[in-house]
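Listed after this line are the structures, all set down as structure tokens.
Heads up, the next two complexes both have chain A, just with different partners, chain B and then chain C.
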Partner chain A sequence: MIRYIIRRLLWGVVLLIVLAVLMFILFRVLPTANPALLRAGRDPQPKLVKEIEVVLGLNKSLPVQCWDYLKEIFLHFDFGYSYYSQESVRSLIAERLPETLSLTVGAAVLWIVAGLSVGIVSALRRHSFLDRALMGGALVAISAPEFWLGLVFLFLFASDIGKFKVFPGAGSYVGLTSDPWKWFTSLIMPWIVLASGSAAVFARLMRGSLSETMNEDYIRTARAKGLKERDVVRQGVRAAINPIVTLFGLEVGVLLGGAILVEVVFDIPGIGELFYKAIQTSDFPVTQGTVLLGSMFIILANIVVDVGYAYLDPRVRYS
Partner chain B sequence: MRSIRTILAIAVAGSTALALAACGSSSSETTSSTKATSASAISTPGYPSPTTESLGGKRGGTLEVLQESDFEHLDPGITYAALDYPVVFATQRPLYSNKPNSTEPTPDMAAGPPEIAANNKTVTVHIKEGIHFSPPVNREVTSEDVAYAIERGANPDVANPYLKTYFNSLEGVEQADGGPIKGIETPNKHEIVLHLDEPKGQLVADALVLPLTAAVPKEYAEKYDKNKPSNYAAYEVATGPYMLKNDAEGKVLGIGYVPGKSATLVRNPNWNPKTDFRPAYLNEIDIKIGGSEPVIDRQVLEGTNVVQNEPVPQSGVRLAAEHYKSQMDISPGGGNRYVALDNKVGPFANIDLRKAVWAALDRVALNKERGGEVVSTVATHFIYPTINGFEQAGGLKGPTGPQFDYNEHPEGDMAIAEKYIKLAGYPSGKYTGTQTVQVVGASSPPEKEDAEVVNQTLKNLGFNTKLTLVEVSTMYAKYCGVPKEEIDVCPNVGWIADFADPQTVLDVTFAGKSIEPVGNVNYGQVDNPKINKAIAAAEVVQGKEARGKAWAKIDDELVEDAAAVPFDWEKTPRLEGKDVHGVAMLWNEGAWDYSFTSLK
Partner chain C sequence: MSRRDLAGAPSTSEPLLRVEELRVEFPTEDGVVHAVDGITYQVLPGRTLGIVGESGSGKTVASLTTLGLTRRQGARISGRILFAGQDLVTLPEDRLRAIRGNDIAMIFQDPLSSLHPLYKVGAQLIEAVRAHRDVPKARARERAIELLALVGIPDPARRVDEYPHEFSGGMRQRAMIAMALANEPKLLIADEPTTALDVTVQAQILALMERLQRELGMAIVIITHDLGVVAEMADDIAVMYAGRIVETASAARLFAAPEHPYTWGLLRSIPRLDGPRAADLVPIPGTPPSLIHRPSGCHFHPRCPYAQPDHARIDPALEPTPDEPSHYVACLLSAQVRRGLWQELAAGRTPARALEAVGQPGAPA
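Moving on to the complex of A and B:
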């Protein structure tokens, strides 16, 4: 197992290097705009553009730029500096990581609990009114875009602009350490909005997977042997949960790279909002840093999921 | 204005629309008759406007500011964005500034008006005594601090974006790299003299309102300016009534300004109100960065002690117009917008085909797409309201006479269009050439809709078109700003003046000399020898009235040449909470002036 994990981690590093090169090509070789040109004002004098290119290191040949970029990332974990604030990208990301972690972890707990519960109930009550109602609700939740759902929640329940002033609204986020209660209440709506789509997907997946499992021979055998229904269901859930775990790992990985829409709507200054602003201003070092971070989380989440299989399903063994 | 983001996002650049609403007023107060006349012509009735706001207020309180976008640069030597200016002008004092309701420069750090030599080649400014830098510098400001502020603009690590546009006549500026500039002399602690090698004293004097002239203490800033790029902004000190909150070492970054999150302005303890015209009513200004506009609009309209400080999207304008009319301040002078037609190659090298497009284009429809009369006025020429020369160029109606018949029907007139197509050599009254016209517009609303209206107009005239819609920055960086791409029509470009001179509206946008291979802002590659000659002559004209007249004549010639098709003079709305007495900057796209805004 250890060898397997080491191998996966090494492959993860290789994958990150490839991604970093791809991003370099995307942002530096095929850019939508030359950052030096943008920085030079609206009547950009060629001499000034050249001077800024030197300051930003854009005058070097592309392979040299790429090598410098990779070297700094992988040897010093240095993503460079924002073209605008001149702050280090590493610091910008580090400042925002707690916000994104708060949002992701809370939402993940919510969607796994809600999604699995609904999925299990629906699977065990297939074709009942409850099943139809829950699956209908799940369909609505899947169909509702996060941005729209966020606005609806704010216009309905935000304490400043909502019809029913229940939860703190956009921009109310405070850090966990500065005020835990405010932190918690400010994240209730974002958690619900972020979790709703994934919970719905999980519910539908769980329903399908568990329904199938509950018709397996070994379940019938277990029942025939007189096992309590609760224990039978537990066995069924354990077997049905594997595809959910895969998806869970991927979704958490993606969200750790930034829940862009929810962060923007609820004004939570996390990685997603940082990425969104950087894209708008062609702040390439920040864009590259946030994308690489997101990729790293996805790779790590995949490894964790694969290792997790071994514990969830005794049939899985890695060598 | 100046702002990169503004250029890209709003399709114009810059925004210090200084300039006189009408012509020739020497007063900065709203009570002048000139101002009243122009205000009635350019303001939106029923809404607050910088031209009508009282400058009085109650002292004290904390104002909360909500803005979706982050600042670009708060260093006075770099900043060039409408969004940055409210903070910059509350914390920094250039030699001259504008009162919020005026486009006429007022001495700020200067003790009086600039003295321009008779030969127009020397500008002398005397500096007030008793102005001090904020902590940790604390000492009195001298002329050498102003000299250093300008000199560091030429430092490649600072790279001021307009130094060589407006101060290019300063002796030695072309060779400058951050060290002393030959043309800047400081005979004593309170006098600075600018020596020019061309007779452009008036333009240089007008440009002294730009934040580049805000004093920077060399002994403190130099170490930060040696970094690549300079990080002086992270430690910048103030001369204005407010300063970005800092620590004992002067560090601002992470304290008074947290990129992407917040900025906090507190009172500058060393500010001496006797030296300043700003009342500085507020105790503190807390700026929150981030969020989404639909939410911000509602938070402001339903909130207290809060303002929104970015141009309001159409949904917000509609909401405010229907329910919160008194909380939407609409400022005229938001720049012009026009359809750029390639004057150099392709079918629109033919002046009659350009006139045909002008005649056929439904400019009223285009303005409706942008929100109608509340936030827009149908343009009839290029110098826009609030800019010196607007009235001389024909005011709202524009140049008149039979030779301008294509400009007379803003809703479009196909009969006149057909007349010009026939004059262009197409007897059927429809364009029958085989060339496909390349139209490149922005994909976001309302630019997308503008592009579609223009594209349909071209089709109605018989042109085969290929419409490409791209993200706005791509539109400029890869198409409309790159002459070799030979884009025939860019349906939505525009410009905003940097200060109160019409040269800043017409020069780089229509002078042949300003055509550049990349980053070109003469989008239509206008290179008319007659207009070029008139521009060269107008650049050295001295005196506000004379300059207004000279540039108005160029404006007439641009219309006569149908160099492009103007369709919109922008107005910019801003929202305020019900208990805020917001005072907007007429000269800066209606952004709030924190030094005049107060709580009720």
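Moving on to the complex of A and C:
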């Protein structure tokens, strides 16, 4: 098992190197704009642009730039400096990590709890009115993009511009340490918006999976033993969760992508918003740094899922 | 004697389980499935009843209904299932739950799929004990080890912590039996308990069930398509076809003097060492009928080599045979013709030759 984990981690590092190279090529070959040009003022002089390119290191050949970049990351854990604010990318990300963690961890908890409970209720009341209503809602949640859903929520429920002034609106985010209650209320809408898509996917998967397991022979055995229906359902849920766990790793990627949009819509100063602004300003080191961080989380989440699977299902053994 | 007095054996003692006119129907989009169509039987304490029939004859549905396990599938159930003075058909779910796994236990065909793959065998046994007995976990665990030892699993103290996939097929069925015995039931319903097992293991499991029946004094209902199994185990036999009992008698009587053409078909489709060498195995022609659109008249007539034209109109009742009041058969042929036919068949003749010999016109093609 330990060897398996080490092997997976090493492969993760290889994957990150490949990703870093890909991203490097992608952002330079298809940049949103020439970063030097953006910084050369309203009426750019070619000489000034050249000078800025030298300062940013853009005059060197692409392979050399790429090699320098990778060397800094993997030897010194240094992601370079923002073209825009001159701050180190590492500290820019670290500063904004609490906001993004608040958003994504909260949303992930909501996603799993809501997704699984809706799925369980739907599976046990299959073809009832409640089931149809929940699955209809799930279909809407899967289909609605976060930026649209976010705006709808703001329009309906925000305390400043909403029809029903229920929750604090965009830009109301405060840190957990400064005011926990405000932190919580300001995140309610972003959590719901970010979690809805993944929760809906899980609800539908759980409904299908549990409907199937409740027809299994071992559920019949559990009933024949005279177990209470609550315990029978618990056995069904235990078996139904396994096939869904695998998809947790994939869905983490979807969640991180959604976090960018949600942070922008609700004006939460997190890593997603940082990334969004960096794209607009062709801030290569920041875009690359944030995407690499996101990739690292997705890779780690998948390793955790695969290792966790061995504990969830005794029939699975890694060698 | 009316059908309500039907008994598989002389009624010297009170029956433990008495099923009366049980009917189970499932409404589906294609029509109503008549899975069980008015069957009556009883099981005496400490005795074994074998219910025999092809798949789709309603034998499994009948026994699942006994435990109330068809209720949530939307089944329409009528008739009575009397057990210890209570009617299980109308008993509220929580009272029925107290009987399931406690007074009546059940084991199933495929022991691998019938055990939860993600829980240890011991945990599943402990659960069975604690569903009906308020005992601490440690005590229930001791009981689980005891039960595994009882069903002949070696090194039970270690095996109790293994998962079902670490057990062999035979051991899994032993574990299922151990689970069923957790609360020393008065009645064990075994639904095709050996079908998924190797032949050698089958014999072991049957021997185990017989031993446990002797030691614990429980009654057994064994459901199977395999006449070899009932020959070994059963005191009484009921043969089911298309949701009905078509023949019932003591095991000795049924094997010596079967009266229903379907029973003949079952007997002739198993190899025998004591029969004439020339006798070929004869499969029953055709397939079991749809339980939605059942044949008119005698449900067996489309597959019966001895059917007469009016058998497609008249529905035979289950009636006692002339000389043996505990032997019931539902057949439109006269007792005399039936006995003549069986004599010919037992001598190794084909159904057509047998018909000629007794001087009956052949079945319409």
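To be clear about the criterion, the second predicted complex is superposed on the first by the 306 of 319 C-alpha atoms of A that agree within 3 Å, B and C clash if a C-alpha of one lies under 4 Å from a C-alpha of the other, contacts with A are read in each partner's own complex, and residues count from 1 in each chain.
Note that in this section a residue touches a chain if its C-beta (ideal position, glycine included) is under 8 Å from a C-beta of that chain, and two chains touch if they have at least 3 such contacts.
These figures come from a predicted structure and were not determined experimentally.
In the overlay built on the shared chain, the residue A:Gln235 is in contact with chain C alone; chain B does not reach it. Judged by the touch definition given at the top, the superposed model places A:Phe155 against chain B, while chain C stays out of reach.
In the superposed model, A:Leu48 lies in contact with chain B only, and not with chain C.
Judged by the touch definition given at the top, the superposed model places A:Leu227 against chain C, while chain B stays out of reach.
Within chain A, not a single residue is touched by chain B in the first complex and by chain C in the second. Taken together, the chain A residues at the contact with chain B in this complex read 32-34, 37-49, 51-52, 54-56, 82, 84-87, 92, 95-96, 147, 151, 154-155, 160-161, 169-171, 264-267, 269, 273-274, 277, 280-282. By the touch criterion given at the top, residues 216-218, 220-228, 231, 235, 238-239, 242, 312-315 of chain A touch chain C in their complex. If you check the complex, the residues on chain B that touch chain A are 1-5, 7-9, 13-14, 66, 69-73, 80, 156-157, 159, 161-162, 164-165, 228-229, 231, 233-234, 253, 257-261, 288, 290-292, 294-296, 298-299, 302-303, 471, 473-474, 476-478, 508, 514, 516-519, 521. If you check the complex, the residues on chain C that touch chain A are 64, 67, 69, 97-102, 105-106, 108, 110, 113-119, 127-128, 131-132, 163, 165, 176, 179, 182.
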